[in-house]
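We call the chains A, B, C, D, E and F, going by the order they appear; numbering starts again at 1 in every chain.
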Amino acid sequence: MVNGHIALYIKWTTLYQLSHCHLSSKSWLLLMLGFRSLLVFLAGFSLFSDEQERFICNTIQPGCSNLCFNVFAPISILRLWLFHLILLLVPHLIFCTYLTHKVLSKPALIPLPPPLLHSERNSPLTLETSPSFHKSALREWTPPRFYCAYVSVVIFRMVLEAAFGVGQFFLFGLAFPKSFLCYEAPCTSGIECYISRPTEKSLMLNFMLAVAAFSIFLSFLDLVSSLKAMVGWRKRQENLLEE
Amino acid sequence: MVNGHIALYIKWTTLYQLSHCHLSSKSWLLLMLGFRSLLVFLAGFSLFSDEQERFICNTIQPGCSNLCFNVFAPISILRLWLFHLILLLVPHLIFCTYLTHKVLSKPALIPLPPPLLHSERNSPLTLETSPSFHKSALREWTPPRFYCAYVSVVIFRMVLEAAFGVGQFFLFGLAFPKSFLCYEAPCTSGIECYISRPTEKSLMLNFMLAVAAFSIFLSFLDLVSSLKAMVGWRKRQENLLEE
Amino acid sequence: MVNGHIALYIKWTTLYQLSHCHLSSKSWLLLMLGFRSLLVFLAGFSLFSDEQERFICNTIQPGCSNLCFNVFAPISILRLWLFHLILLLVPHLIFCTYLTHKVLSKPALIPLPPPLLHSERNSPLTLETSPSFHKSALREWTPPRFYCAYVSVVIFRMVLEAAFGVGQFFLFGLAFPKSFLCYEAPCTSGIECYISRPTEKSLMLNFMLAVAAFSIFLSFLDLVSSLKAMVGWRKRQENLLEE
Amino acid sequence: MVNGHIALYIKWTTLYQLSHCHLSSKSWLLLMLGFRSLLVFLAGFSLFSDEQERFICNTIQPGCSNLCFNVFAPISILRLWLFHLILLLVPHLIFCTYLTHKVLSKPALIPLPPPLLHSERNSPLTLETSPSFHKSALREWTPPRFYCAYVSVVIFRMVLEAAFGVGQFFLFGLAFPKSFLCYEAPCTSGIECYISRPTEKSLMLNFMLAVAAFSIFLSFLDLVSSLKAMVGWRKRQENLLEE
Amino acid sequence: MVNGHIALYIKWTTLYQLSHCHLSSKSWLLLMLGFRSLLVFLAGFSLFSDEQERFICNTIQPGCSNLCFNVFAPISILRLWLFHLILLLVPHLIFCTYLTHKVLSKPALIPLPPPLLHSERNSPLTLETSPSFHKSALREWTPPRFYCAYVSVVIFRMVLEAAFGVGQFFLFGLAFPKSFLCYEAPCTSGIECYISRPTEKSLMLNFMLAVAAFSIFLSFLDLVSSLKAMVGWRKRQENLLEE
Amino acid sequence: MVNGHIALYIKWTTLYQLSHCHLSSKSWLLLMLGFRSLLVFLAGFSLFSDEQERFICNTIQPGCSNLCFNVFAPISILRLWLFHLILLLVPHLIFCTYLTHKVLSKPALIPLPPPLLHSERNSPLTLETSPSFHKSALREWTPPRFYCAYVSVVIFRMVLEAAFGVGQFFLFGLAFPKSFLCYEAPCTSGIECYISRPTEKSLMLNFMLAVAAFSIFLSFLDLVSSLKAMVGWRKRQENLLEE
């Protein structure tokens, strides 16, 4: 009875660990993806929803407003952030799928019967007293290339953040102008267009850049701690093998 | 007690395997359907939602804008993507329904009583020590035409992706033009219409084509690994029968 | 303990079978209702949402656009499809309610105590060794008028599909015209009205007709297999009674 | 162990019975409330959503359209249906709350300890062999005023359906007119207003009346079967007391 | 085993009682909050959503419509109802939080071990035979200041209902006028503004007042029954202590 | 069996305690975040949704309305409240993540085997009779820096509330004006703009300030009680160590 419970416990914690993948990764996910998603969906959507309807150009020539807006914003900053969030989610999903694949493809309940066979009936499960089982289980359960995969995920994430931050800076700069002078071909030269809510949009632009910078900083800390844990785990494994 | 637990475990993993059908298929589903759905629903909907309202034609003749838009876009690219996603979902649903049908129609708990009858009370379930049960269960549990069905699903998927990719290319090409000259019958000749956000729409068009190409590549890898697994399973089964 | 588990198992599978009613029916439900609902809700809603706003008539007389649209489309094709989907759902709900009523009104757990009383404590539940229980349970559990009800549901479904298909054909034909000439009473004679997106709407019209035809074909196969199963069950029951 | 399971079973089925209150009532709820809600929410909302925006009056006097629409439709038919649905839900909720109150206020698990005390350990729960417990439990468990409450709920429901049906008939008649002549005070005499989609709205009006009539018919059948069950239960109880 | 189950049962029923707080309170919550929320969200939102868009003033002076609407409705009746519903929810949440705090802060499972220690192994849990445990548990479990808190909640609720009812009456009276004469400063004197759907809005205004009156009546009944229960509980406790 | 249950109980209550973090914190969260979120989402969104559409300026110069609204409201008060709510949520999430990290990183089920080993089979779990286990478990389970972290969270929260309250006061003052005189560069001097619903917006502005003040007051009480609990816990721990 007790054995069955502990077996289920090991099973569940493993699945739990794998589904949430890694705690520091999870906290990063929570803070960066959750916080940014809330910001983009709650504040960004209502702020940028009327960017084209309220982009008013001082002309009555039909289609000029369309042409000028295309020059002013070749890509919508809101959709760029959404695309960024989707891409940030992808490496984590790949990493978790990879881990689940690794663990579920191995015979997960095979390590349980041995103590049932070797130990007497209803004896307490002595994890410490069966070193052979302990060691092999350890080697079995600890995914060998876990840290390598995780480190590459973190590096990919940092590159992604940096690329999108730089892209945002070159496309939109650090502030939205109050008005924009448009010299697009079929329109008359020098049409002035007025942007809606430039101050609030500039604030959000800079805040999102700051969040990206903070996210790179957190990823860097995550990278360092992962590398430390990797080294520590290798040492521990070597000690176990030497014993 | 322990037997009951393991019985439930086998039951559940089988159902789990079948409901998620296949891991590589699942990862494909996750990446391709999830990623594309997120893209289409979050970015596509807001980008293409005003395609007709902001398709501005340089005419005041009523109905001309309707006629020109019908020539410019006989099918909405957004609805084409949605239809594509729905059709990609269908073979997986058929495949899973077929598998569930196969397994649930067989007496799923019949293999359990034998160890209860043959073994003594509360003896550990020795899956390895009852080879006859093991073999017949193996033959019983492994759906015989599983691989054939799966391979045909993957091939159907590749054909679908290719067909939609080619269709998209012939309907919309690789870029949206900034303006469109319309010669539709009841309007005056040569009305110029202006498309809204052509740059961003062209980018999304090309990105979706690239995703389709990557999806075909992944499906090809999936196909190869499935064929390999099929051959390997046949060999293993032959070895088991020879033993 | 084991008995209790199996009792619960029987209970649950029965409920499962009844709630999902029938596998082939379920696959029909999944394919036809799910697929069509997805199509109508995702593609149909956005395609037909502006059918009246963009139905532009070449007149400035107020109310004429209302009158002409009423003649052009006395019933909205989108709401016809929705009504069709709701009506298709109803016979399945009636059938499932009827089955649940039948089973839950019978004393569902009464068959369980006998093995508990007759067999020794903790002996494996030998369903095969208690033929009297087996037979009566079989007769108890198999709903006697199940097949008749199911066959009538399938026939009702086929009639419904055919009726709506024919109705759609007579109301809208096979294609939406590009323009519509309206001679409604208070308007001036011969007002030309322009339909929005006629090509895409015609495509969807034909596709929905094709889906309805395929659904009738699937229902026919379902009908044939149900009748076969009905005959087979009767034979099996007669064999059991003869034994 | 077995006792505990059956105790939980009795508990749960009672709660189940009470939460769903009564099967025939439930089927009525499903068919009438579910079907009507689907109709009103899916078809009604899109059909009547623009009733005021597309109620076009042949005048440019500001506010006249408001005044005429107020005379044409003092109450929106859509909100009348919603109010009807909410009111139909209320007696069922009151009835279920009343039943749950009745049952939960009684000591629901008190009947369980006696068999635990009187019977030997692990003996099968012989519900038939303890007649005294059986009878008192029966009297305890069958809510005495259940049928009276249910009959009054059904009668209330029928009155409600009839009242709303009659109200709808007097407010809107059986068809929406194509145009409406409005003689409201500050406007010029005889302004013609045009209703949008009159044909489809008339169809829905009549369909909802037919559904109300069918619902009264079903409630009548429910009433008859409830009265029969009431008489049958009284007879059974008298027989039990005489034994 | 049995003990564990009953322990869990006591635990759960207590939590159940506390989470739903009190049955009469719950029925009030269901009827008043549920019914009103449904009314306000389903009927109110669509009725009052265009109160400002269709508040048409007979002037072309820009901004006058804004100024007149501000005088006509300094507070939106819809948002007043929403605020009322939120405030009615708050005392219940405070009361439940307070109760949960009281119960969870006490050592809830401490009373269970004693019977495990004192009674023999596997003896049926005789709640009646251990009077000392029974009494202390009773005193422990019955929250002493429960009734005082509940009575104050009910009184607070009644005051809230009355205050909002009176407020609604002074702000909007019992009917919406068809037109409103506005003498706001920068506009020309005597602008006539027309309200949309005045009849339906007046009906809803009166219906909500009637619901508030009925809610005060129900709260009064609740108050009386709570005071009776309080007196009865005190008497029972005194009897227990005297025994 | 019993041991297993209590072990699970300890496990779950700890997780429960940690996931809900702290009761007083939770009640603050419920009252302040829940109440404010309801207010902002239900009342705020509909009140401020048309702040820019109905900000009507007495000019026909294109773009002037955009420029004036940017001066009138450099930041939307609604998005400021949303941002405030998101930021208030963040310290709680960090605190809970930190606690979960602390507890889950420790070997949570290690304390369970010892009683299984030391005590005889099936003996009742005597938590009181194994003082050594009790003490060490206490020290193990009570997170050492829990109170410090919680106090810093409360202080951070108070600072945040004060900062946003002050910010709101300096940006919007205590009332919205009925009209706003705008002297923005490219427009003609002295354009008058009219705000929609100034009275209701001013009321909401002041109410949100009052809620912020009440929240600071509650946080102060929370801070005091946390510091008291911190001192009390230290004393209790010292007493335990001295025993």
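Heads up, the rule we're going with is that a residue touches a chain if its C-beta (ideal position, glycine included) is under 8 Å from a C-beta of that chain, and two chains touch if they have at least 3 such contacts.
Owing to the predicted nature of the structure, the values given are computational and were not obtained by experimental measurement.
Identification of common neighbours of subunit A and subunit B yields an empty set. Under the contact definition, subunit D and subunit E share no contacting chain. Annotation: the subunit B:subunit C pair of sequence copies touches via predominantly different residues, less than half of the used numbers being shared. The rotation relating subunit A to subunit E, fitted on Cα atoms, amounts to 120°, rounded to the nearest 5. Centre to centre, using the average C-alpha position, subunit A and subunit D are separated by 48 Å.
Taking each chain's centre as the mean of its C-alpha atoms, subunit A lies 41 Å from subunit C. A straight line joining the Cα centres of subunit C and subunit D is 24 Å long. Residues of subunit B in contact with at least two other chains: 1.
By the touch criterion stated above, subunit E contacts subunit D in their complex at residues 1-2, 5, 9, 23, 26-27, 30-31, 34-35, 38-39, 42-43, 46-47, 50, 54, 56-58, 122, 124-127, 178-179, 192-200, 203. The touching residues of subunit C, when paired with subunit D in their complex, are 1, 3-4, 52, 62-67, 69-70, 74-76, 78-79, 82-83, 86, 90, 93-94, 97, 100-101, 104-105, 109, 113, 116-117, 121, 186.
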